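Please go over the structures that come below.
In what follows, chain A forms one complex with chain B and a second complex with chain C.
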Partner chain A sequence: MIHHRSPLRRRLRQYGIGYAFVAVPVLAGVIFLLIPMITTLGWSFTRFNGLQPPQFVGIDNYARLFTHDRIFIKALWNTFRFTILGMLIGPTLGLLTALMLNQKVRFQAFYRTAYFLPVMTSLVVVATIWRMIYNKHGLLNLALGALGLEPIRWLSDPHWALFSIVIASVWQGFGFETVIFLAALQGIPATLYEAAALDGANVWQRFWHVTLPALRPVILFIYIIGIIGSFQVFDQVFVMTSGGPANSTITLVYYLYSKFMDLRLGYASAIAYVLFGILMVFSYLQWRFFTETD
Partner chain B sequence: MFPSRRTSLAKLMRGALYLTLTLSSLLMLLPFYWTVSTSFKLEQFVFANPPQWWPDPITLQNYIYVFTRIPFPRYLFNSVFVAVVATGAHVFFDTLAGYAFSKLRFPGRDAIFFAMLLALMIPFQVNLIPLYRIMAWFRWLDHYQALIIPNITGIFGIFLMRQFINSIPDELLDAARIDGCNELNVFLRVVFPLTLPGIATLIIFTFMDIWNAFLWPRLVLSSARMFTLPLGLAQLQARNTSTWGQIMAGTVLTALPMILIFLVMQRQFIAGMTEGAVKQ
Partner chain C sequence: MPSKRISLLWALLIIFGLTLAACGGAATPTAAPAQPTATPATTSAAQPTEAPAQPKVEPTTITVWDYYGESSPITPIVDAFEAAHPDIKVQVESLDWDSTLEKLNVVMTGGTPPDVITLDMTWLPTFAPLGAFADLNQFAHGQLNGVPLEKAFSPGALKAMQYNDQVLAMLYDFDVYALYYRADIFEELGLDVPTTWDELTAVGKKLGDAGKGQYAVMPDTFHAAQFIYENGGSILNADNTAATFNQPAGVEAVSYYANLPKEGAGYVWSFEEGWEITPGLKDGRIAMFSDGPYYMGILKDAVPEMSGQWKVAVHPISKQPGSYLGGTGLVIPAKSEHPEAAWQFIEFALTKENQIGVFENAGAAPALLEALQSDAVNAPDPYFGGQRTLEVFLKAMDTAQPFPYVRAWNQIDETFTAAMEEILFGDADVKEALDNAAATIDDVLSSQ
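Let's turn to the complex of A and B:
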């Protein structure tokens, strides 16, 4: 008996340490992730103002969102447009600047810092700075005036407002892509280029047949991360336009926030799950990307 | 003849390259310069036409205002306090858990780890409303706890640390155990020092995340004395008495700490950023 007990106790003690080391994250995961996630799903089928107990209404919230709520459709559409525009401009700029920096230029550190600095600043700061630049009498309209063009109401014209937010966001974010692309470019073996040059490939052919294929995993990474981030856009909208004018910049998370503030918690929960559903595919890809290294 | 024409073409291309890089870099920095410049201007010159590139006269009144009439020093303290405490806790818990998931054996280990990885896919907004009510239930609304406690550990950090610890050979840990170290000491004396590069990356990501957070603090904080810098800056703009000079002074103060940290630790920042994306 005693023979068996001692290794068992030792093993228990060893397990105990393992459990102790993961206890806080597991507990935090249950309280701050698992329970909220399930609760939100439950509330999304209820009418709930946070004061009276939730009332079950079936799929009413979801049905209402897609059939009766034009602001929600607008928010959905704006979020898509924001994501597509940003994902067209940002990674392209990032790749172009990285290709330029990869030409063994002097002062590379200075250029890289200049592109990367906005990445370090919070979106609230970025939004504040651009709000001043987009002012009726701001720097951008002065520049237009100097070129003999009419001033643009960047943030108060419904045709321009969302695009203006995209520009500010791209300014903030593309340095991240520059840095990632640059590191990836520097990792491409020089022998690949030499072999291509021996085969008589010109600059374009080398780009299409060597550079681009080598960058594929990084491009995938940048798009997955970028799309997930773009779909959650909130700070810029909050500071720059509050979703206006005429809901032309309202986004999914901003709409969720405003419903939360109106204490329509069941409805807001349904919006959260629509966001979750849209992001699921991209989150899954991101998850695959992270776990593949294992 | 032909080679020299080629070299002169190459020179031209190179000139164009430097011109593009320099102009675009300056264009990138212009909004920062304009912010700093405006923060030292009198209000009547903020939108002067032609623009006043150098503030004339230089005034400190905007800074004096945000320092004395708006509690910016308090916002700064709140931001630093919350970010430092949460980041410290993150490093501790994430490394411990990463170590356990990598090197310790216990029933259910891989299942727990898998479940955690699945949870990586949940966007934060999905948890927002119940999380708010949990904070209310704990009576943490408008307290530091609401910003810190949900942020003391994170799945991405655990995953990151596990990756780093995976590369430490088991023999090294066994040697320490034979020398009489218990598990905590193995962790503190062997694992921790060897994971420092990973910890640097973890610190950078966590600190930046918490420092720049807006939506969550905006929901759980209500009184100005608890505000972090981004919240204070948004609040400053929401007042209709604020002038652009004051707002830009607030912007400079909000952005400056992070920019200084970046300039000092630039190498680690870039390495940390690229680590996850570019696999060799």
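Let's turn to the complex of A and C:
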């Protein structure tokens, strides 16, 4: 009888415990991720308030988002602006800091920790601190005043508010980039630099032809993580401006949240899927870039 | 081998159990329908004939969400209620204003709601059209503690409590706007309390020139709508199908309001200085502002050292008095499993004595007329220089009206506020900003 056992049963017998352990995260994923995702996709085609049964409306929600909803377009535009600004400043700052720290600085571990500390701090705490810094009589305006400049309404001037949130977010996040870059920099073999120096390359050429190519995978990693994170920006907006003034800091996830608070779950689901679609496209493009250049 | 098989069995069992637990949470809250039969009091009265060994009837436990925080008028009455109703236990969940709305959304869309909720009346329009709250009249039958509802509440309050032909909330404290002003500075500079907009501008300028603070200008609908109402305007038309705040009365009102800072009479309070204006009251940037009676409690809490400096007056007008009317309502979710017991708690919370407690504990204005007219509430208030402050708000209530009860109110509120922010913070053209907001709102209303 034993010899006639099906391969499946034999495998189960052999690796049963392994399967059982794997089953836990898989089941958790199905229950808490896959099922909600499919449900949300279904809801995005309905008008649904959570209390009464959903009504199927086809692609109405999506059509309305792109043709009728000025605030959504604004949220989309703000999210892009936040991402572009943040992704321009953050990684650049992170790389510069890492390059400086890589120069055999004294107390390197101390600086590394100091730069990384905000990353480990809760976003809500960071946002609250920055709210104080941006206060009309806060640190930043005191500094401006000392220089003889007019105070700026950092958070309530529609022209400044989004930028102010970007700065706070970059401050919070660039320590992560610094640490990653620093680790990568320390992994570049010194022999490469020696060879380049022998060939007569100056500092700039060494950076351009040795450091940067060696960092490419890390740069891509940082941009993938960073863009996905930036598109999901919420906490800072929630704490610092609530999307105001005049929707100048409203972002996709904050708008989604406000639709949930309005009990328009179908509409909120559609926003979630637009965000999902955008991130899919970005991730695909980055993945293509990644595989092609390697 | 057997031990391996047994551990596999265990692992599978645990996973199965976890799955069940995870799924079970979502499946349970299909509440049993309310049973409007005999009250629990009569069932427990029938009990004593049984043998003494028989365990006592499980008391009904009701959950009450209380957003008053530390100055709650709800928690102090729980013991007395339980003593009067031995068959009901009350569990109070102490929340704050913000998290209450968030929690409410979560439990309404998929969870077990509490039995009684302290609800900001401006949230009612979102939930009322969805049938989220029970019609209280099925328990009240037109009466509260034996008094007809029309006698228990003012006409404005009664209107605010109703949606279509249902009574969805019992007003617990009310909110209408009046003018708070620094009586000490007014006396020092020899200023009279403004009663018209022209006077408001003049007084604001004089205060500003003397460096004694100005009138607080804020972009939210509560404060801005005040001026629109006073100028004979409205937010929406009578049947709530189109925006009207961009008509001449509204444009004129908002222009006046937005001009106050430019004339040196008003101070634009922006949220980076804090969501509350109290820092501006403390350091003297603000000498006049409009707000509801609950702000008396906030003043006493936040700036106790200013006792004797503030007074309240009817808000200055251009054409007619007017204010939004809101406050806190007590509601019973339609899915509550103990609506009868919940109603008994609401009635208890709305007795004259317990309504006076709202004033004494939370510093807010009780909604029950009997309590409003009581001596305890109308005693001269030393914080306000011995003034009988509630008289002022009671007068304002005569002409106050709730914000329109439409499903889209939230969006209307947000859109209008955004337009006000464009005007106050972004220097946008008043007419243009209001027109744009009105177009958005009309579109939202037509798609409902």
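Quick note on the criterion: the second predicted complex is superposed on the first by the 268 of 294 C-alpha atoms of A that agree within 3 Å, B and C clash if a C-alpha of one lies under 4 Å from a C-alpha of the other, contacts with A are read in each partner's own complex, and residues count from 1 in each chain.
Simple rule for what comes next: a residue touches a chain if its C-beta (ideal position, glycine included) is under 8 Å from a C-beta of that chain, and two chains touch if they have at least 3 such contacts.
Everything numeric here is computed off the predicted structure, so don't read it as measured data.
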Which superposed partner A:Gln52 touches (first chain B, second chain C, both, neither): second
Which of chain B and chain C A:Ala184 touches, first, second, both or neither: first
Chain B versus chain C as contact partner of A:Trp154, first or second or both or neither: second
Contacts of A:Thr128 with chain B and chain C, given as first, second, both or neither: first
Partner chain(s) touched by A:Asp262 [first = chain B, second = chain C, both, neither]: second
Residue contacts with chain A in the superposition, chain B compared against chain C: B
Contacts of A:Phe116 with chain B and chain C, given as first, second, both or neither: first
Partner chain in contact with A:Asn102 - chain B first, chain C second, else both or neither: neither
Which of chain B and chain C A:Trp287 touches, first, second, both or neither: first
Set of chain A residues, in rising order, touched by both chain B and chain C: 17, 21, 24, 31-32, 50, 131, 135, 137-138, 260, 265
Sites on chain A touched by chain B in the complex: 14-15, 17-19, 21-22, 24-26, 28-29, 31-37, 39-40, 43, 50, 97, 100-101, 103, 105, 109-118, 120-125, 128-133, 135, 137-139, 142, 145, 171, 175-176, 179-180, 183-184, 187, 217-218, 221-222, 228, 231-232, 234-235, 238-239, 253, 256-257, 260, 265, 268-269, 272-273, 275-276, 279-280, 283-284, 286-287, 290-291, 293
Contact footprint of chain A on chain B as seen in their complex: 17-18, 20-22, 24-26, 28-32, 34-35, 38, 46-47, 49-51, 93-94, 96-97, 99-101, 104-107, 109, 112, 115-134, 150, 152-153, 155, 158-159, 163, 183-184, 187, 208, 211-212, 214-215, 218-219, 229-230, 233-234, 237, 244, 247-248, 250-251, 254-255, 258-259, 262-263, 266, 269-270, 273-274, 276-280
Residues of chain A touching chain C in the complex: 16-17, 20-21, 23-24, 27, 31-32, 49-52, 64, 68, 70-71, 131, 134-138, 153-159, 241-242, 244-248, 258, 260-263, 265
Touch list for chain C against partner chain A, complex: 4-5, 7-8, 11-12, 15, 18-19, 22-23, 101-102, 105, 108-110, 126-127, 130-132, 219, 270-274, 410-411, 414-415, 417-419, 421-422, 425-426, 428, 440, 443, 447
